[in-house]
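Here you go, one structure.
Chain nomenclature is as follows: A, B and C, assigned in order of appearance, with residue numbering initiated at 1 for each chain independently.
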Amino acid sequence: MGLLDFFVSFAIMASIYAIFSMGLNVHWGYTGLLNFGIAGFFAVGAYTSALFTAKMPTGALASFVIQAFGLNMPFLLGVLFAAIFSGLIAVLVGLLTLRLSEGYLAISAIGIAETIRIFFNNERWLANGAQGLIGIKRPLGDVIAPAYYNYFYLGVVVIFVLLIYFALERGIRSPWGRVLRAIREDEVMAAADGKNVFLFKLQSLALGAMIMGIAGSLYAHYSAAIQPSVFEPLFGTFIIWTMLTVGGTGNNKGAILGAFIVWALWSWTTFVILKIVPASFATRAPYIRYVIIGILLVVFTAARPRGIIGEERQVSRF
Amino acid sequence: MSKLRIENVVSGYGSMDVLHRLSLEVEEGKIVTLLGPNGSGKTTVLRTIFGVISPKEGKVFYNGQDITGTPPENVARLGMCYVPQEENIFAALTVQENLEMGAFIRDDDFRPRMELVFEFFPDLTDRRKSRAGDLSGGMRQMLAIGRALMLNPEMLLLDEPSTGLAPFLVEQIFERIQTLNKQGVTVFLVEQNAQALSCADHAYILEGGEKRAEGTAQELMNDEEIGKYYLGR
Amino acid sequence: MLEVIVYGIVLGSIIALGSVGLTLIWGITELFNCAHGDQITAGAYLALLFGGLLSRIGPLGNPVGPFSFSWGLLISFIPAIAVSIGLAVLVDRLVYKRMRRSGAHFITAFIASIGVAWALRGFIYIIWGADFHFYSQGLRAMVFLPAGIKLRTDEIFIMIVAWGSVAAVYLFLGRTKTGKALRALADNPNLARVSGINVERMLIWAWGLAGLLVAVAGILYGIETQLRPEMGWIFLLPLFAAVILGGKGSITGALAGGLVLGLAQQVSTLFLVPTYKPAVAFIIMILVLIFRPKGIFGRRTA
C-alpha cells in the first residue's frame, strides 16, 4: 500500500509541475519570452486561492495566523481567482518590462518574483508572513476519507492537466497561436506584417501566468500549508525551466514529459540516496539533487537544447 | 596582378542569401570601388572576405592563396586590414589605446608606426588621451582607419568611410585614401556615395547581391543607364 | 546614519569586486553568468577549507595582529584563488566554449549558467552542510574613528584588500597589453577579432581574472559576516543590478555600480526591514533598465 501512496503523491506533484511547464511553454516555447519569475506567479496563485477559500481564523488560531481576509469560497472559485490575479500581475509586469530586451526581461522577472516573495514574507498582515498559511481548504476534504483522498486529488489534477493540454493544443493551431510562433521566429517580420507585437506578447504573458496561477492554486490545496520559502527560485522557477528544457521546448507533450522525468529524479534520488548513505550524512543527502539537476540542466542546454521531444514541426503549417 | 579575388561567392545570414554567385577582383596597387544602394550586400562582401562570415559557396583568394573561411584574427595577419562601417573603434579606450590595439599582433615596437599614423591624421594628435567614444564623427573615422594602418597593411578594406560625414570631411577622407594608395596600399572601397568613383581606378556596381556593372570610373560615369539608376545623374 | 553609510561602503566594496568579473565576461561573451554569486560562495568556502588546514600548523592558528582571522586564513587566500581560477576556466572550457563553437544563443548559455550555479551550490551543501560557518570565533576588535564611527578592525582590512585589488585590476587593465586587449574585447568583440586578437586565449585571462576577484570577494564577505551556502544567491541580484547600472563591459561602471548598490541597500535599512534589501537592488535595476538601459557608463558609440 505504501508504494502506491508514494506513486500517487509523486504523480500529483509531477502533474502540478506539468501544468507549470505548459505555462512556461506558452511564454518561452511559443512566444520566446524569458520568464524567470515563475515563482512569483506560483506564489500569487497559491496565496490567492488559499486566502479566497479560507475562513478568517477565530479563537486561539487567530493569534497564530494573521491574514488580511478570508472569503470562504469554494475550491473551484479559488482556482479561478488564482488564475485571474496571476494574469493581472502578469499584465502589470508586462507593461513594465516587455519593452526591455530579452536578457533584461529575464533578470527583471527574477527580481519581481523575489520581491513578491519577500513581500509576503515581511508583511505579516497579509498572509501570516514567514509562517505562512495552514489548514488550506481541500475540495471535498470532509467528504472523502483521508486514506483515499490523494487518489481523488490526483484525479482532479489530471483533469486540469488534460483540459489545459487540449486547450493549448487547440490554441496554438489557431490564428492567434500562429502569430505567437511568428513573433518567436522573427519579431521584426511579424511587426512588419502589421501585428501588434506588444499586445500579443502581453496576452501570451497573461495566459501563461494564468496557467501558472492554476498550478499554484492546486499546489496550495494539495499541501494544505504554504509559506514564502516554498516560492524561492529553485523550486519555483528553475526546476520548471529544467523540466521544459529536458522534455522539449515548444511542445506541450514535452512539457509534461519533462515535468515527470525531472520530478522523478528530484523525489526519487532522495529516496535512493537515503538508503545508500550512512545516517550521519542524511541531512546533506537531499542536496545531491541540486548537483544532479544542475548537471542535467547544463548537459541538456549544451548538448540537446531542444530537449527530448523537441519542437513540434506540424504546427507551422500555413 | 590580382591581390584579392572572390569567385562565385554565395553568402548570407541564416537561411537568407545576400550574395548570389558574386565574383570580383582587386588588382594590386589599385583603388577599386564597390558601389551600391542600401541592402545590396556591400558589407556582406567585406565580411565574407575577412572571415567574419563564411561563404556557403565560392572562394576567396588573397595573394593567390585560398583564404576562404579563414577566421578574422588570422586574416589580419596576412597583410589585409578591415575597417567596418559601424562600431569601428573601441569607444571605451583612448585614441592612443585604440592604435595600440591596432598593433596588437605586432611583435616589434609599434611606437614609430604610431607616430606615423598621427602624422597622417594630425587632428588626432591633440586627442591622444581622449576617450575614443567622445570624438566627433570625422575624427572617429580617421581613428578607425588609423587603427587599421598600425599593421602597415598591404591592403585595406574600407566599408563606407564617408558615412555620416560632412562633405568637406568626406573629401578629406578620400584624399587620405588616395595618399595611402600612392604609398602602395591596395584599397578596396565599398561605398554608397558616388563621389567614391572619382578616386577609383576600377569599379563595380552591386545590387541585390549581384554584379550589375563594372569598368573604369570613366566608363561607368559615361554610361547613361548606369549614370541614371545608380549614380543619380 | 553615518554608520549605515560606512557599512554600505564596506559591503559595496565587496559587491564591486564581484561585479568587475561579471561585467567583463558579459562584455566579452554575452554571457550573463548566473553562477557568479555561487562562485563567490565557493571562494569563501575554499578559504575555509584551506584556512582550516593551514591553521592547524602551529603558530599559523594565531590571529593576525588586530584582526579576527588567523594566519592560516590569510595564507589560504592563495590556494583559494588558485582553485577558484581553475574552476572558472574549467567550466568555461567544458560548457561555454562548446556553446560559443556551436553559435548558441546567449540565452542557452544563461540557462546553462543556472545549472552550473545549482550544481556548485549542491556541492557546497554536500561538503559543508547547511549550517553557518565562521572563519574564527574570536573577538572582533573595534576601532573608533572621529564623528563617532565604529569600525571593526576586520573591516579596515576588508577595505584595504578590496580597494587594493581594485587598484591592481586597474593597473592590469590599464597598463598591460593583455589588460587593454581585454577591455577592447569587452567594448567591441567584433572589432577585436578583426584586429587580430584571439578571443579564446583572452577568455582564459578574463575567466582567470573573474575567478580571482570572486574568490577575494567571497573571503572578504566571510570575514565580514558568516559563511552559508545561500550567500551566493544573496549576492546575485545586487551583482546583476550593479553591472546593469554600470553598463555592459564597463569596469569603472561595475565598480561604481557596486558601491551604489551597497550604499543603497544599507541606507534602505533605515526605513525598510533588512530582508527587503534584494528588492531594493531589484528596483534600482528596473529603474535603470527603463530609463537608461545602457547604464551610466554604458557603451556609447555613434
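Heads up, the rule we're going with is that contacts are C-beta pairs under 8 Å (C-beta built on N, C-alpha and C of every residue); 3 or more make two chains touch, one makes a residue touch a chain.
Just so you know, these numbers come straight off a predicted model, no measurement behind them.
Contacts with chain B and chain C are shared by no chain at all. Relative to chain A, the most remote chain by averaged C-alpha coordinates is B. The pair of chains sharing the greatest count of C-beta contacts is A-C.
Computed centre separation for the pair chain B/chain C is 41 angstrom, with centres defined by C-alpha atoms. Each chain gets one centre point, the mean of its Cα atoms, and the points for chain A and chain C are 32 Å apart.
Between the CA-based centres of chain A and chain B the separation comes to 53 Å, rounded to the whole angstrom. Looking at chain C, one finds that none of its residues touch two or more other chains.
Across the complex, chain C meets chain A through its residues 32, 95, 98-99, 104, 106-112, 114-123, 125-126, 129-130, 233, 237, 240, 244, 273, 275-276, 278-279, 281-283, 285-286, 289-290, 293. On chain C, the positions that touch chain B within their shared complex are 177, 180-181, 183-184, 186-188, 190-199, 249-250, 299-302. Those residues of chain A that touch chain C in the complex are listed here as 34, 96-97, 100-104, 106-108, 110-112, 114-115, 118-119, 121-122, 233-234, 238, 241-242, 245, 283-284, 287-299, 301-302, 305. Across the complex, chain C is touched by residues 50, 52, 71-73, 76-77, 82, 84, 86-93, 97, 100-102, 104-105, 133, 137, 140, 147, 151, 164 of chain B.
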